[in-house]
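Note sheet for the following structure.
Just so it is clear, A, B, C and D label the chains in written order, and each chain counts residues from 1 on its own.
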Amino acid sequence: MLVFENDYSEGAHPLVLEKLLETNMEKLSGYGNDRYTEEAREKIRKAVGKEDADVFFIAGGTQTNLVIISTMLKRYEGVIAAVTGHVNGHEAGAIEYTGHKVMTLPHHDGKIDPEELDEMISGFYKDANHEHMVFPGMVYVSHPTEYGTLYSDKELTAISEICHRYDIPLFLDGARLGYALACPNSDLTLERIAELADVFYIGGTKVGALCGEAVVFTRKTPEHFLTMTKQQGAMLAKGRLLGVQFSALFTDNLYTEIAGNAIRQARKLKQALIDKGYKMAIDSPTNQLFVILDSKTKERLSKDVRFGFWERIDDEHTVVRFATSWATTDEDIEKLIGIL
Amino acid sequence: MLVFENDYSEGAHPLVLEKLLETNMEKLSGYGNDRYTEEAREKIRKAVGKEDADVFFIAGGTQTNLVIISTMLKRYEGVIAAVTGHVNGHEAGAIEYTGHKVMTLPHHDGKIDPEELDEMISGFYKDANHEHMVFPGMVYVSHPTEYGTLYSDKELTAISEICHRYDIPLFLDGARLGYALACPNSDLTLERIAELADVFYIGGTKVGALCGEAVVFTRKTPEHFLTMTKQQGAMLAKGRLLGVQFSALFTDNLYTEIAGNAIRQARKLKQALIDKGYKMAIDSPTNQLFVILDSKTKERLSKDVRFGFWERIDDEHTVVRFATSWATTDEDIEKLIGIL
Amino acid sequence: MLVFENDYSEGAHPLVLEKLLETNMEKLSGYGNDRYTEEAREKIRKAVGKEDADVFFIAGGTQTNLVIISTMLKRYEGVIAAVTGHVNGHEAGAIEYTGHKVMTLPHHDGKIDPEELDEMISGFYKDANHEHMVFPGMVYVSHPTEYGTLYSDKELTAISEICHRYDIPLFLDGARLGYALACPNSDLTLERIAELADVFYIGGTKVGALCGEAVVFTRKTPEHFLTMTKQQGAMLAKGRLLGVQFSALFTDNLYTEIAGNAIRQARKLKQALIDKGYKMAIDSPTNQLFVILDSKTKERLSKDVRFGFWERIDDEHTVVRFATSWATTDEDIEKLIGIL
Amino acid sequence: MLVFENDYSEGAHPLVLEKLLETNMEKLSGYGNDRYTEEAREKIRKAVGKEDADVFFIAGGTQTNLVIISTMLKRYEGVIAAVTGHVNGHEAGAIEYTGHKVMTLPHHDGKIDPEELDEMISGFYKDANHEHMVFPGMVYVSHPTEYGTLYSDKELTAISEICHRYDIPLFLDGARLGYALACPNSDLTLERIAELADVFYIGGTKVGALCGEAVVFTRKTPEHFLTMTKQQGAMLAKGRLLGVQFSALFTDNLYTEIAGNAIRQARKLKQALIDKGYKMAIDSPTNQLFVILDSKTKERLSKDVRFGFWERIDDEHTVVRFATSWATTDEDIEKLIGIL
């Protein structure tokens, strides 16, 4: 059975695992106060081009989203996101559980539109009753989005400017950030993201780590952030587990290099799909391909490949997702193309 | 420098790491739906003697406490704990953050007293105004306690009976459970704990794993428990990370065997401390030893050993903690004894 | 200055105030354990045709909404509402503050559509990933809606059937219920609402009381509901304040009779508006009229009348609201018509 | 039957009710934007001697406590209170429901001790692990306390100084403040309280109003406080209900004058109790008297008087509470003394 179900089907990249092995018996302090975590912080500061950025490590994506959002919002504020944003639909109400509303904007292939954002916020302040409403307190974007699409520098710059005009932070969810950075079509570099966003994270779970996301605060870190991560159960006793992995991922460009494999494999697959007459539901430039299958083809492919169900179009058609990853091999792709 | 600071200074036990390595490139489903996690569940069900127990894996201890307590309590209920209970003092208000009160009982070397517990609950129901008060909704005990002490079968049975008389669950925090089970003085077996407690967890982080706690529901699992763990950010995409480790820990008694090393080393150390005239603050039978040091001795030992600060007694005396673990070697202990 | 700004501009109906005066010096027990509150409960049970309904009194509307929703939802559930629902837009995130998501449906003149509701819930259960999502746990409708419109018996019956098919409660916000009941166009009686809804409230604040809403549970009351109202600060020490008022309002049909005045005055005003060529933004049959004004007319009227701003259409047109109430006099209406 | 059960058995003081009556049909803006509420604010600012104080009105005591505490605390902070503090034991976990811990100090006849407070806070900061603990974020005192006792100027000054040394606010719960101010033994004036406390409230519910507490911020009001009161359901549409009452209560010293009656009646009763050999459990100078009754006497008195049950001492003795109020008459007291 071929597996193109998602980008977290394997364990860690071998070099990440190797570093865990090498450092395993060293006696290190807990809670992220070890030298590997410090090393990872330094490497990430360098990679994002901000010597004074604050870097923290958290085990998973939903946890990172809820910790960042709930520690940065004031009590009377909500977070603005695309209706398709992960925080809105697929985190079991994690943001609301912390007491905050997710305020939704329409999505455009997974992205929010700067003009619609501006209109929402300015409309709020123009409303005479806005003291009875949730204040817009943060903007959440994912990059790549849930549909594999990417913001351009111009788009993210526009969003960032709106945020800063209203003095609210911009948060970029980079659960799959590696796949964006490795994408030749993208003009948004890591340094540029660090300039535009007030906080973002560099996803490890889906790009080579066993678990772990690196949170980067570029301007202002919430006071007593560590205490609040503890309060939400997001602080690991063996913080080294995350520090060691990110230290390995940020050695010799491992992070973007392995992400590059996913992009190359996805391009081969995309070309083959198009050549064979498949229709793409969304024109994604990254490692997730959304394809429209008719029922017969879907059934036929299901026998040999595991892929993700995305959404039903009508009785005869479904959108499915094929995801490549750092671990996808040429052989896997060729086999898959062979049976398309 | 010798390190006796805590029991989570190293990575994972070599056999645990080996299994992570072996299974690393297998393509597995996410969120705990993989065969290693299922394997671990089965092994734990067998070990606790409950074929129908529900087993879940969560990355860390505070997270496990807050997920269990917040999913089992009704909205108008609080959790009863010793004033020294980890959930009361050292989790940054994690329980309160989920909306629930920690209702404290005095501690007796870290333990709660069944009579005082009974009095608290019966007193609540006798109070004519109790509808204006927080209902006692659960009892939390840690075993070993925060002071390294252990409940006897008789004590835990009494507590369990009180809980069930009032129809509230008993929750046993086993962050260091291995060290209790490996302790020859203890008459509480894993099977017995599974009979007495409604929910408990088998700590991995402090007993050989990189991270991870195995939660066991022995009677009634909260409905949609998975959804609620997701909601609190406690569900890992790569659930395999926890499943694989616990599968290794529950193969050939690895879990209690490696815990046994900690106990043996602690006993040697304890005897040496007593022989050399040190005074113990608490008579702990497990892997944490609480010793009273005068300032001079404290300063002298600090040069060669890292140990934990516990509490100040007066200007001249301090309680400190020496912790052994599955990783403590004979050589470490001998060196430490040499400089005491 | 004429005042048509809202329906809570005056104090209480004179008969309500009179009963407060008469009973003022009686020494009564607190927290709703007095005979007037019991009297009010009985009268309401009779009026709704449910001898075994549970009736509670809460001071205000937002408070009532948040108490009902947060006590009836399970932790992993959200409440479904029209995007225009009061709980979604105008309560400052009160529902989210209690940890729950408001799941929005499109509105049709303020109402939700049964088919769209059915699709949303069935779609949820068909989604293979629904364990990672917020469960639909309750349906919220307002009657009259925020746009003054009314559900028909047929519509509410359809919604109720969907709720009960999925075993979730239907909650009807009746902040202005009197104005619906007094409306000759409406085929939904109080008894019928009590059959269809699992919980609803009869608004006092906007229909003749100083403050107060009567909550009616028709099937199942949340356990320890009183304790939870206390926990949310929604229990008055002098519960009599609400009991006495509702006892007066439910004596000799006072409640619907005074609401009838608002409806009659609104009809006169509506006819006059139409006759004079004004355009209605929404065809509301109740006491709130939504009228489109051009800038000039708006400015002119503003000199003599206070009305509510609703929403901007374009640079030249605005929707405004004229509200009548139990206290609106013939004279007020005639003066207003005179200057239209 | 004589009623000495509590101080909220009657409705409102006649002059308060009269003002409600007088203003009833005036058309006023909602949410506290009316001239009576503004009038009340002005009178209170004058009475407390702070021209720039911010004054808000909230319907009940528990609600006021939870709104103030939850809007002033940062997310990682808890509130310090006596173990007997109303917020700790008798508000159904209202503070914890907002996500914050109540951190308890021992009580001394209901009061906290400045030295113990200082020790708790300084101990927190000395603890090397305090980042894993709840930060002390506010001090809560009640005056009179739950035992009817009063802080002296010296005591409250000491507490205030400690708070300000650690830069945390002091909150004084004045649910019965009138009875403290009217007490000849007390050297704490309203002006002095406004200097020492950062926020306090002047209780109306128990001192002459139908409902309502006046919150006074003396230094710094939480940003968007109104939005947060709305979010917690604590904003009344007819804000006038509270404004009108407080305007009446702060006309011609009505508030302290009517409280004076309670104090005079309590003194007569206390003297009579002592003369007849009854033993006081606590030496309360205010309107609540705590008396030790043996079972026989308790049973005998119960036939003619309603009083409050406080706590059981042993099988034969109970502490009960007799409360006087602004409404207690000479006749009531004489009758009660007659049957003691």
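Just so it is clear, a residue touches a chain if its C-beta (ideal position, glycine included) is under 8 Å from a C-beta of that chain, and two chains touch if they have at least 3 such contacts.
Values in this document were obtained by computation on a predicted structure and should not be read as measured data.
Colleague: Find out how few touching-chain steps suffice to connect chain B with chain D.
Modeller: 1
Colleague: Check every other chain and keep only those touching both chain A and chain D; list them.
Modeller: A chain counts here if it touches both chain A and chain D, which gives B, C.
Colleague: Which pair wins on C-beta contacts, B-C or C-D?
Modeller: Contact tally favours C-D.
Colleague: Farthest chain from chain B, comparing Cα centres?
Modeller: Relative to chain B, the chain with the farthest C-alpha centre is C.
Colleague: Among A-D, A-B or A-C, whose interface repeats B-D's (more than half the contact pairs identical)?
Modeller: A-C
Colleague: If you average the CA atoms of chain C and of chain D, how many Å lie between those two points?
Modeller: Those two chain centres are 33 Å apart.
Colleague: State, to the nearest whole Å, the distance from the C-alpha centre of chain A to the C-alpha centre of chain C.
Modeller: About 42 Å separates the centre of chain A from that of chain C.
Colleague: At what distance in angstrom does the C-alpha mean of chain C lie from that of chain B?
Modeller: Each chain's C-alpha centroid was found; their separation is 50 Å.
Colleague: So which stretches of chain A touch two or more other chains?
Modeller: In chain A, residues 75-76, 91-93, 97, 99, 131-133, 227-228, 230-231 touch at least two other chains, as defined above.
Colleague: Flag every residue of chain A that touches chain D in the complex, lowest number first.
Modeller: So the residues of chain A in touch with chain D come to 70-71, 74-76, 99, 131-133, 135, 223-224, 226-228, 230-231.
Colleague: Going by the contact rule at the top, pick out the chain D residues touching chain B in the complex.
Modeller: Touching chain B: residues 75-76, 78, 89-93, 96-102, 126, 128-129, 131-134, 309, 312 of chain D.
Colleague: Can you tell me which positions in chain A touch chain B when the two form their complex?
Modeller: 3, 5-6, 8-12, 14, 17, 20-21, 23-30, 59-67, 91-94, 97, 205-206, 210-211, 227-228, 230-238, 240-241, 327
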